[in-house]
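Down below are the structures I want you to see.
In what comes next, chain A is part of two complexes: it sits with chain B in the first one and with chain C in the second one.
Right, the complex of A and B next:
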């Protein structure tokens, strides 16, 4: 029983890995003040392109690179349309989301049902022998290690390095950053492309590992991108919280699968989609803390409780203040 | 001094809406041809097949209009929220809720003694309430919950999908076992009257015309229309002007939701005669592209909606004829909008540079 639970939880960590990487990529993009709404499309398109590249070359690395390249290309298109051509980030992002989704189904049509190489788990020596922790974290695929590693790396990058300082200044006070001699739009270009490349890595992680192969609209990846966006925003643009959100989502999905067998009263089709609304609703209620009425409501409560819930003086969930707002240096 | 205004004129003419849309269309066609070439298909033949698929016979032409009616309704609904500066991505859920509420009402009245016409009208009204209710949830989350309407909407879309699946496989399942083909079809006397031999109902076309006249008057001739336009242009300024921004944004959401609900209701009573899992057919997101491409202009919206309907219908037979996936239509539609945005940006850049250089002189 205990080992069953352990295997399940290890599966949750594995299946959350693409969401963690994509959400951290989106966090980096949004920290610079750019909103990339095309995540859902990028994941699908890169899953398709990564699968085809790996199928053609027989090489997994080529697949991952192709996925990242696809993401970077879409990120460049978004940056070009919104920064250089000054179009709405929401409009371009949405169009790209729909375009990439249909494009992946169209171009991937000829490759449906083919077998490509699949990434296998490589237990880390010594570490994988630690009881419980070993089988949870250190008996996984290299991509899972990458997703685990990306959390502290991005945290340090954003909060403790000079590059992170530039990134945050561009997202929070672009005018001030510009006055300090930072090329705001160049930084935004860079982080949009970098973030989208990370989102693009999530695609092949699915099509070359978690959900091997390409099955068109039956691949079951449509919708994941919207969850990534929601997790990023409600995770408060903090890589650690964002990763927690990803694990919570996959935990819900796993519970749905487990209860599919035990709860015969609920149709299985409902249990399969239930984690999506549940996740979003959870995130919404967590986010309620940001509303004015919540602040005024809890101010009526006794001081210790008020202090526990209040966000006054804490800036942990504040959005980058120039998110979605174009910057024009005249 | 003489040459300058002439040059300016030429630039203006080059960036006129007509030229812009021709340039975007050409760009989109070239891009799609490249995609087709990548997929190993002949672009010319493919476009020809799409046209034949859309206009080949009278049934196909009628089918184009069957798509056009709900698409126009939804795009018109979206224009209200777009003008108010709200990105109502929850539109898919609002269509679904309209369909769910309509189905519920039909099931309730099905065996009663009320006349069929009245049942259909009542059910459509209930559907509008359903759509408005779902839009209200998005509105409340945005205006009172501090949740951006894009994410509230997307989240509620997932909830609506789960709800309709639960109804189809749970309480409303067909006798025996529930299936993806939907609920039990209604009695034929409760179907919206169709033109004999076609799936098209004249009533849905009339409804589109009526709704558009209403929308035109509402947005161009009333205080409400001007006020939500002010909100969309600058929320803070509108608030300072004393406009009740929250109330009006909520109203815009409710109206949009009601019309989306009506489109969902029409899909139930006029096209599928039952509730199916994908009752919205993705028309909500497609209508979003339509309204963007038409730049919120009513007449253009109707035209673009028709163009997109043709592409949808024309693409259906691509898998059979050419072994291409029918999502090609979706690619073409999205690329059109993308190129329109690019051309628009290029124009602004060109004009802006001109103005800036004039300022410098």
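Right, the complex of A and C next:
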């Protein structure tokens, strides 16, 4: 029983890895003030292209690189259309989301059902022998290690480096960043491409590992990208919270699967869909401290208690102020 | 460093902002740039700071021509500018705000940089908590922060665009001492303002701009009347103060307790009479803003009643406040007052309370043109709000206040306006008072408060005083009250 639970939880960490990487990529993009809505399309297209590249070359690394390249390319298209050509981020992003999805089905049609190499887990020496933690975190595939590593790295990058500071400034108040001599649109280009490349890495993580192979619209990846977008928002653009959201989502999905067997009276669809509303409810609860009504409710309490709860001044995880707003220097 | 500007031209569409301006600025000099609203002061400074390219002309530093590809080039060359509305990052911490733009190492050098900042802070007499968000500072404090930042960068030329508009008299005194000290170190200061007193107090030399042209270059001190004449092209007299008298009761505030970010106030009881002007004095961020916003229905008080001729206004429906003729004009023009990207005409359409389904373009165009003329706004009905200069944005805000207003709540209404505009604006406001409107206004300018208000409420650290009749006060007494003495 103990080990069954452990295997299940290790599976949750593994299956959340592409969502973690994609959501951190999207967080980086959105921190710069760019809204990339094409995540869902990028994941599908890169899953397809990564699969084909790995199939053709027989090399996994080529597959991952192809996925990232696909993502970067779509990111560049988005940046070019919105920054250089001044088009709407929302419109271009949505069009790309659907275009890339259908393109992946179309281009991948001839490769359906083929076998490409699959990434296997490589236990880390010594670390994997630690009880419980070892089998949870250190007996996984390299991509899972990468997803775990991406959390602290992105946190440090955003909060402790000058580049992270520049990134935040551009997303908060581009005109002020410009006045400090920062090339706002260049920064936005870079992070759109970088973020999309990370999203693009999520695709091959599925097609070369978690859900091996390419089965067109049967692959079951459609929809993941929208969850990534939601997690980015509910995670408050903080890589740590974003990753927590990803793990929570996969945990709920796993519970759904487990209880599907035990609760035979409940239609299986209910348990399959349950993670989505549950996820939203949980995140709403987490974010409640930001709500106006919560603030006014606690203001009724005596001042010392009020001050304890009040988050004002220590303001939380608001969206980058200029998210989705184009910057043009007059 | 010595800076020479040669033949600068700049226009925005039909508006000529700078017409052939040439000028030399010497090291260690405090140069005043004087001009009425929309004279082209800000544009010229933005060009000099590399924030805007000029159409034609040259800038030379120590005799060498320079080209600013971005603000970065200007910063590298030691030119830093403090803009009219502080260009900083409200959602970032003070530390991040100071650090941003100093890019040397990969990791943020937290401790070392903090020490550097603290040293500079000691020199200037500032005290910032580096981990607080900039959002929690007042506009005056944010300006200090910007000066601190430029000095930490090592700027040699510091351009200050109307720095005294949002700060208290004491902060202003500190600022001037600071600037003089900096000039003593050999830094060059350019001080843009429309306030003559400040020019005479601070600068050794001033240039005067009018309608985009450099009208004169004067060595100070100089007679104010002469300066006024070249600023406006005509002489202007200051008007006599309004007198207090017993008017009819209008609005009544009972036991109002307001909640600011930092404090709860003491309960306030106040009668506002018809045609009365009440001034709210105090340092920036002492609660005046919250007080005004509460009376406008925009923020809920902790406790208290607000009666309009016996009718109790309720904070659950902010709309009912405007319905009863209560209007609020915020100080942060672009953030709360005006809508970016919308034209003047659209602003006027929005401010009308007509219930028609369709917008009457011709009619609203007519109204807009009329208001532009009446309020002498430098712009067109098709200009967007952000295209206007700071002073003209202020005029637009006032022009938008509804004709039938019964209570006007104004936050720093003359911030950024020159003498002529200030006088003219108060003339307009007095007209409103004669029609029976009451005015509550917050201001950082002691003279303005004493000159125009019938009674004055003083705000200090969460405390709100009883209303003082303004005849009972003079500038020293009021200054002391603002500083927290004599309560």
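Keep in mind that, in the parts below, the second predicted complex is superposed on the first by the 305 of 330 C-alpha atoms of A that agree within 3 Å, B and C clash if a C-alpha of one lies under 4 Å from a C-alpha of the other, contacts with A are read in each partner's own complex, and residues count from 1 in each chain.
The definition used in the following text is that a residue touches a chain if its C-beta (ideal position, glycine included) is under 8 Å from a C-beta of that chain, and two chains touch if they have at least 3 such contacts.
Here the structure is a predicted model, which is why all the values come from computation and not from measurement.
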Determine, under the contact definition given at the top, whether A:69 touches first (chain B), second (chain C), both, or neither. neither
Just chain B (first), just chain C (second), both, or neither: which does A:103 touch? first
Which holds for A:178: it touches chain B only (first), chain C only (second), both, or neither? second
Can you tell me whether chain B or chain C touches more residues on chain A? B
In the superposed arrangement, which partner chain does A:258 touch: chain B (first), chain C (second), both, or neither? neither
Applying the touch criterion given at the start, work out whether A:169 contacts chain B, chain C, both or neither, answering first, second, both or neither. second
Partner chain in contact with A:95 - chain B first, chain C second, else both or neither: first
List the residues on chain A that touch chain B in their complex, please. 37, 81, 84-87, 90-92, 94-96, 98-99, 101-103, 105-107, 109-110, 216, 223, 226, 229-230, 233-234, 266-267, 269-270, 273-274, 276-277, 280-281, 283-284, 287-288, 290-294
Could you list, by residue number, the parts of chain A that touch chain C in their complex? 160-163, 165-166, 168-169, 172-173, 175-183, 296, 299, 303, 312-315, 318, 321, 330
Quick check: in the complex, which residue numbers of chain B touch chain A? 35, 38-40, 87, 89, 141, 144-148, 150-152, 154-156, 158-159, 161-162, 165-166, 169-170, 178, 285, 288-289, 292, 323-325, 327-328, 330-331, 333-335, 337-338, 341-342, 344-346, 348-349
The answer for chain C against chain A in the complex is residues 51-52, 70-76, 81, 83, 87-92, 96, 99-108, 132-133, 135-136, 259, 261, 264, 300, 302
